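Chains here go by letter, A, B, C, D and E, matching the order in which they are written, and residues are numbered from 1 within each.
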Amino acid sequence: MARKSRKKKIGVSPGSLIYVGDKTDEPVKISVLTYDEHRVKETADVSVADILQHKDESAVTWINVSGIHNMEVIETLGKRFHLHPLLLEDIANTQHRAKIDDYEDYLFIVLKMIFSEPDSAPLQFEHICIVLGRGFLISFQEREGDVFTSVRERIRKGKGRIRKSGTGYLAYALMDMVIDHYFLVLEQLGDDIEILQQEALERPTRKTLAAIHAARHQVVYLRKSVWPVREMINSLLRGESELIEGYVLIYLQDVYDHVIQVIDTIETYRDLLAGTLDSYMSSVSQKMNETMKVLTVMATLFIPLTFFAGVYGMNFTYMPELEWQYGYPIFWIFTGVIFVSMVVWFKTRKWL
Amino acid sequence: MARKSRKKKIGVSPGSLIYVGDKTDEPVKISVLTYDEHRVKETADVSVADILQHKDESAVTWINVSGIHNMEVIETLGKRFHLHPLLLEDIANTQHRAKIDDYEDYLFIVLKMIFSEPDSAPLQFEHICIVLGRGFLISFQEREGDVFTSVRERIRKGKGRIRKSGTGYLAYALMDMVIDHYFLVLEQLGDDIEILQQEALERPTRKTLAAIHAARHQVVYLRKSVWPVREMINSLLRGESELIEGYVLIYLQDVYDHVIQVIDTIETYRDLLAGTLDSYMSSVSQKMNETMKVLTVMATLFIPLTFFAGVYGMNFTYMPELEWQYGYPIFWIFTGVIFVSMVVWFKTRKWL
Amino acid sequence: MARKSRKKKIGVSPGSLIYVGDKTDEPVKISVLTYDEHRVKETADVSVADILQHKDESAVTWINVSGIHNMEVIETLGKRFHLHPLLLEDIANTQHRAKIDDYEDYLFIVLKMIFSEPDSAPLQFEHICIVLGRGFLISFQEREGDVFTSVRERIRKGKGRIRKSGTGYLAYALMDMVIDHYFLVLEQLGDDIEILQQEALERPTRKTLAAIHAARHQVVYLRKSVWPVREMINSLLRGESELIEGYVLIYLQDVYDHVIQVIDTIETYRDLLAGTLDSYMSSVSQKMNETMKVLTVMATLFIPLTFFAGVYGMNFTYMPELEWQYGYPIFWIFTGVIFVSMVVWFKTRKWL
Amino acid sequence: MARKSRKKKIGVSPGSLIYVGDKTDEPVKISVLTYDEHRVKETADVSVADILQHKDESAVTWINVSGIHNMEVIETLGKRFHLHPLLLEDIANTQHRAKIDDYEDYLFIVLKMIFSEPDSAPLQFEHICIVLGRGFLISFQEREGDVFTSVRERIRKGKGRIRKSGTGYLAYALMDMVIDHYFLVLEQLGDDIEILQQEALERPTRKTLAAIHAARHQVVYLRKSVWPVREMINSLLRGESELIEGYVLIYLQDVYDHVIQVIDTIETYRDLLAGTLDSYMSSVSQKMNETMKVLTVMATLFIPLTFFAGVYGMNFTYMPELEWQYGYPIFWIFTGVIFVSMVVWFKTRKWL
Amino acid sequence: MARKSRKKKIGVSPGSLIYVGDKTDEPVKISVLTYDEHRVKETADVSVADILQHKDESAVTWINVSGIHNMEVIETLGKRFHLHPLLLEDIANTQHRAKIDDYEDYLFIVLKMIFSEPDSAPLQFEHICIVLGRGFLISFQEREGDVFTSVRERIRKGKGRIRKSGTGYLAYALMDMVIDHYFLVLEQLGDDIEILQQEALERPTRKTLAAIHAARHQVVYLRKSVWPVREMINSLLRGESELIEGYVLIYLQDVYDHVIQVIDTIETYRDLLAGTLDSYMSSVSQKMNETMKVLTVMATLFIPLTFFAGVYGMNFTYMPELEWQYGYPIFWIFTGVIFVSMVVWFKTRKWL
């Protein structure tokens, strides 16, 4: 869920570090990866106190922090790298929207990783922060996980140009990773919507309604998360920071194109879901109409006949029809004529 | 309620001070707080006539006025500090939207404090004005209350950088305070909306409808109040006034990010509530449909049978079936067949 | 009504004066008011031919024309003051939206006065034009009335700064007057909407529907009239015309704030009314649902019972149950059991 | 209808002349009107071959072409006046939206004439093109008709300033003509909408629905046609072409104001029609609700009574009530009590 | 369908070529067409290895590639012509939206061809890419087909100015081709919408609903595809690339006008379809209302009468009416009076 409590935070002085995400007891894990064109060095479970020892001035240093619920770790890291207190506050604030802040000596990038669970469950968001400095990059994740695994793999194997490039390209690679994952979420959602469209038109049930509702919910939160990413990359593209090397801009343009495609698709899904709900409503109305017709046809056919049967069940002493020899068959003929003419009338009204 | 009478105001010359808020008899309370890095001095219940004696030229002077319904007090204050009549008019006009006016010698900031009451009651708004001059800051509140208590506390205890900073930072701290409170309102609203979504889908009643309506009402007024705050802080951020020290801008940027987050969340709630109402309507339709089916099934099953029972209750003299030895069991078999075939037909239509 | 016939106008050459408002026989009344800091002179019922004699070069001359249906008067006035034919055409065109035209020697301002009548009757609009020249101001009203009375009063009594200021300030005072009146209309509308919200939720009738419709109608026309006022004052604020003295701009900014507040409130009302209609529809649906349940419960309870009563009213010769000694009490027990189990079933479905 | 086939056009080289409007056999009629301040000369039925002979270099030459379905005529004319092939293509393309193209030596203006037919029939559009060159103006109409008659009349009679002005003013006069006609269409539509509003609220029938639908259709097409006109005149107003004399700009500003008014009114109608449809739907719902109540009241009142009547029509041998002396009056009293208490219950629910 | 799987793509390094479109086994076909004013040379089934031999430096070389599923071919081609890896990736990514990228030495244009199938089937999209270099143009199509046939024909026959112009004009001709095809799709859709409007108003069935839904679907995807084309051509029109000759801009302006017309029409269809769905819903409601009336009339007419018939079928020993000589005719008169007065009451309510 994207809404979490901020109550505890109100009234404290700015720059105070207070974690607002889900509580967890898992230890914070810090790993360091240094590489240049010729060598790669990985160190896992680094202690935050020794962090500066692992920084390699002549290579790219990528520090990855899994877990942002331990305020001490973040504060120590902040002191070691001279990071602004407001920046640290934003790392701890897991609800912060995507943005980029330029602190001259380093860029601070906030992103959202999005995971979709099966069965239209609410989307899971993960708060990702990247600090991009001269020669080093620090990434923060809420949980240890496989988000950046493939980038790490590419560095290890030296695939593509990543080993030959600097921190700017690494930042690009991580962002590209995150945004590529959006397409997985969209795909899942797209499949769900297609099924919902069918159901809404053909067999609208309460479950369909709840599912449409859940999908709209997902789209609302997706939209809220992805729109700021667009602005963020756009301000990167203006190329004002020298921390992003010039040749990386064309790759960022590619990421930007992907974000635009994601937003386009979200807007399309919004439209489709609005249409699906309309279809649902229309289907239900149409079905009710058909039910009504059945009821009306049955009631209208038999109510008058029942009246006539009732009439000849009366016990008046003087009812001449009752004595007639052919009274009973005449009754059947009479009701038959009424019945048939009713049916004909319904046929002309296209109710049968 | 945000709507109050302006009738009394029409036709008077501009700059005339007329209070348009709720009437109240409480006395206006003025307190003065002067501080710099080394000392803090607080004076409560200052008389407006002596106000200038409490101003300390070598420190930051914060004058807080609780209660803006006494026009004399505001007018005297205005004269002492040479404030523009239109500014005083805007202090008294409790319905004024958030804005910032630059009068060169001082900045005039209007803000809205928002309180949410339990049970989807209408939101309460408080008109907050700040006059930021060289070395002094005057804040106006509608009621005495705890809005700025935590800032006062921080000054007393010398926490954070507030004691080392000037009036610009103080103005920032007050604004930050007000905007952080918005999150409390949003949180309350978010919880309400989540419950409403459940209710709308599962057991829609008239109470649900009224609650959805009340929540939409809240969102409409929230939106109206918060949008102008964004513009206001944005024009502060352009950094054109020298009354805001340069290093405060990065803090204001943080406030701006929070306002954007508030607006994002309001828009999200708007979308969710629209969706909730749609769900409510669809749920009611769906329920009606189910009710209709029960009625139709019952009526359709028994109406023809009742007709046949009526037929054999008729008193015609010559009705051969009545004399048959097995007439009665045949009747039951006949009606049983009709009944079962009807049930089968309903099964195929998925109505049972 | 805002729609009036333009048919008569098509095909004539531009600048031709044709009045498109309501026909009226009342005479056009012209009054002249000249004033400076020391003296005030009023002349009522001035003839249009002598108008220039009343102009006082050393003071502010305010000519007020009540009634714009007499084309001769407007034409003569236009010639005396060298006004452009297109300007005169716009005075006569009572449907013209608010605007400002800069003819270098004079500014031409079009405004809309709005009156609300009780009982959600359509709003009444009055076409107000102001020609602001060097040392003189001509105002045009559709009807004689109290629109500008309070400004005239302020001039007579010398209240505020109006007597010390020039024509620019007078123009401001008149515009402020007109826009302040909008709040009266909004207040009336706001009260109506609040009542409608209650009604829509609690006792929706056809009268409620018609009233919601009428209120939406009002909002649509209000919006259409007020939006252009915003643009108009905004272009005044750019301060490009030397006919508006520099110190008046801060007052115009205040008017601008008011217009923005009016527009905000109109948009809020739009949202509230949309919500009110939704509530109305939902209420009606909910009520229908409840009606349906009553019908379904009654029909479902008694239709099977009636069938069984019918069965034992049949006249078959051999119906063993009829001869049983306890047949009748057994019938009651049987129907009682059916009845009670039906009621229990309805209870579990929350229909009773 | 605004949609016509373009199938035949695809795949041909650009600049190929293919007429896409309604087929017609009427001959193309060309008339030439030359005038200056002192003289007027009219020639009807000019042959396209001799067209240049009629051009008068010392006066304004207005060539009017009625009928654009003959491609040869347009091609010849294009060659004589050195018009660009793409321009000729746009003359023949009757579906082209309003626009202005600046070909340096001449301006090319596309406009739409709109006619409304009685009884909410679809609007009729006429494609109008104007080529404005140095000393000459060529206008193209789809049909011979009275569109420009009044302008011609003004030239003949020398009314207004038209005879004293150049081709720019003539172009203005023609555009003004076309746009003034829009008000006729709006007026017709406004009357229709007012009637529909009444009907939707008071007696909603299927005819009302079809009429609302037709009116929305009209608004959609009106909007599509008029919006581009605004852009077109706006780019004329920028005054970049020397073919439009400077003093004509103030007149064009007037036309621009009219177009804005037309657009405002269209948007207002859009809003009103959306409201009208909502009213229609609400009215139908409300009516259905009332119908349902009648049915429910009748069924609920009589169904239990009918059951009791059925009970005492049963033929059990031992039914003690039947033998009671006052059984029959007791039955009536019993049913009377049920009936009255039901009625009271309905009264408390406000159903009667 | 526009949604296809990207799963396989996530985590690979940028510039990796992965085809995301429909799988196919058809061989890729490459044809080369070289031409200048005097000669034309066509070569079909060129091997990608020899491609540079066919390039004619003194003429325009148009290479057309049908089939983009073979990554080797695209990669080899990319190496021969020194194309950027990201560009090749975008060729293979069949879901990429329309765009233009300026790589200085060549322009890269992405377009969408749209095909509509009969019976409101989902639209078919084809990914078209154009690389426009100095003296050569490479076009990529998903399938071999007739898209560019008519352009090829024009080159062969030397119709129009195409043979006399360079690659810029050829690029224009291809884009014009693609966009002209959009009108075919719009036309088909327009016809469908017209039929749906009729159906929705006159005989709304479930099939109508599904068809409205399908048409909205088409409009959503059309919109998503065409909007970016507008931006794309707009950035071409800014004329910043020297690869587009200056005289081609006026032709591109014409294409731009067509795209605007397509977008206008799509927006119009959107509005019309929204209106059609509203009509459908209103029609269904209205029909239900009519059904309800029939039911209510029948039930209300006969239910009380049936009760009275039931009463006189009771077997009480003492029922004086039964013994009356004219009891039976009095019963008929009584029920007749009730029946007629009911009918009259329904007439006054306009239900009959």
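Simple rule for what comes next: a residue touches a chain if its C-beta (ideal position, glycine included) is under 8 Å from a C-beta of that chain, and two chains touch if they have at least 3 such contacts.
The structure displayed is predicted, hence computed values, not measured ones.
Asker: Tell me, which chains sit next to both subunit A and subunit C?
Answerer: Under the touch definition, subunit A and subunit C have B as mutual neighbours.
Asker: Please report the minimal path length, in steps, between subunit C and subunit E on the chain touch graph.
Answerer: The least step count works out to 2.
Asker: Quick one: report the Å distance separating subunit A from subunit D, using the average Cα coordinate of each chain.
Answerer: About 42 Å separates the centre of subunit A from that of subunit D.
Asker: Roughly how many whole angstrom separate the Cα centroids of subunit A and subunit E?
Answerer: Roughly 26 Å, centre to centre.
Asker: Counting only residues that touch at least two other chains, what does the list for subunit E look like?
Answerer: Residues 281, 285, 288, 292, 295, 299, 303, 306, 310, 313-315, 319.
Asker: Once bound in the complex, which stretches of subunit A touch subunit B?
Answerer: Going by the criterion above, the answer is residues 3, 5-7, 9-16, 84, 86, 89, 95-97, 99, 101, 203-206, 209-210, 213, 216-217, 220-221, 224, 277, 280-281, 284-285, 287-288, 291-292, 294-295, 298-299, 302-303, 305-306, 309-310, 312-315, 319, 321-328, 331.
Asker: Hey, which residues of subunit A end up touching subunit E in the complex?
Answerer: 149-150, 153-154, 159-162, 173, 176-177, 180-181, 183-184, 187, 190, 197, 201, 250-251, 253-254, 257, 260-261, 264-265, 267-268, 271-272, 275, 278-279, 281-283, 285-286, 288-289, 292-293, 295-296, 299-300, 303-304, 306-307, 310-311, 313-320, 350-351
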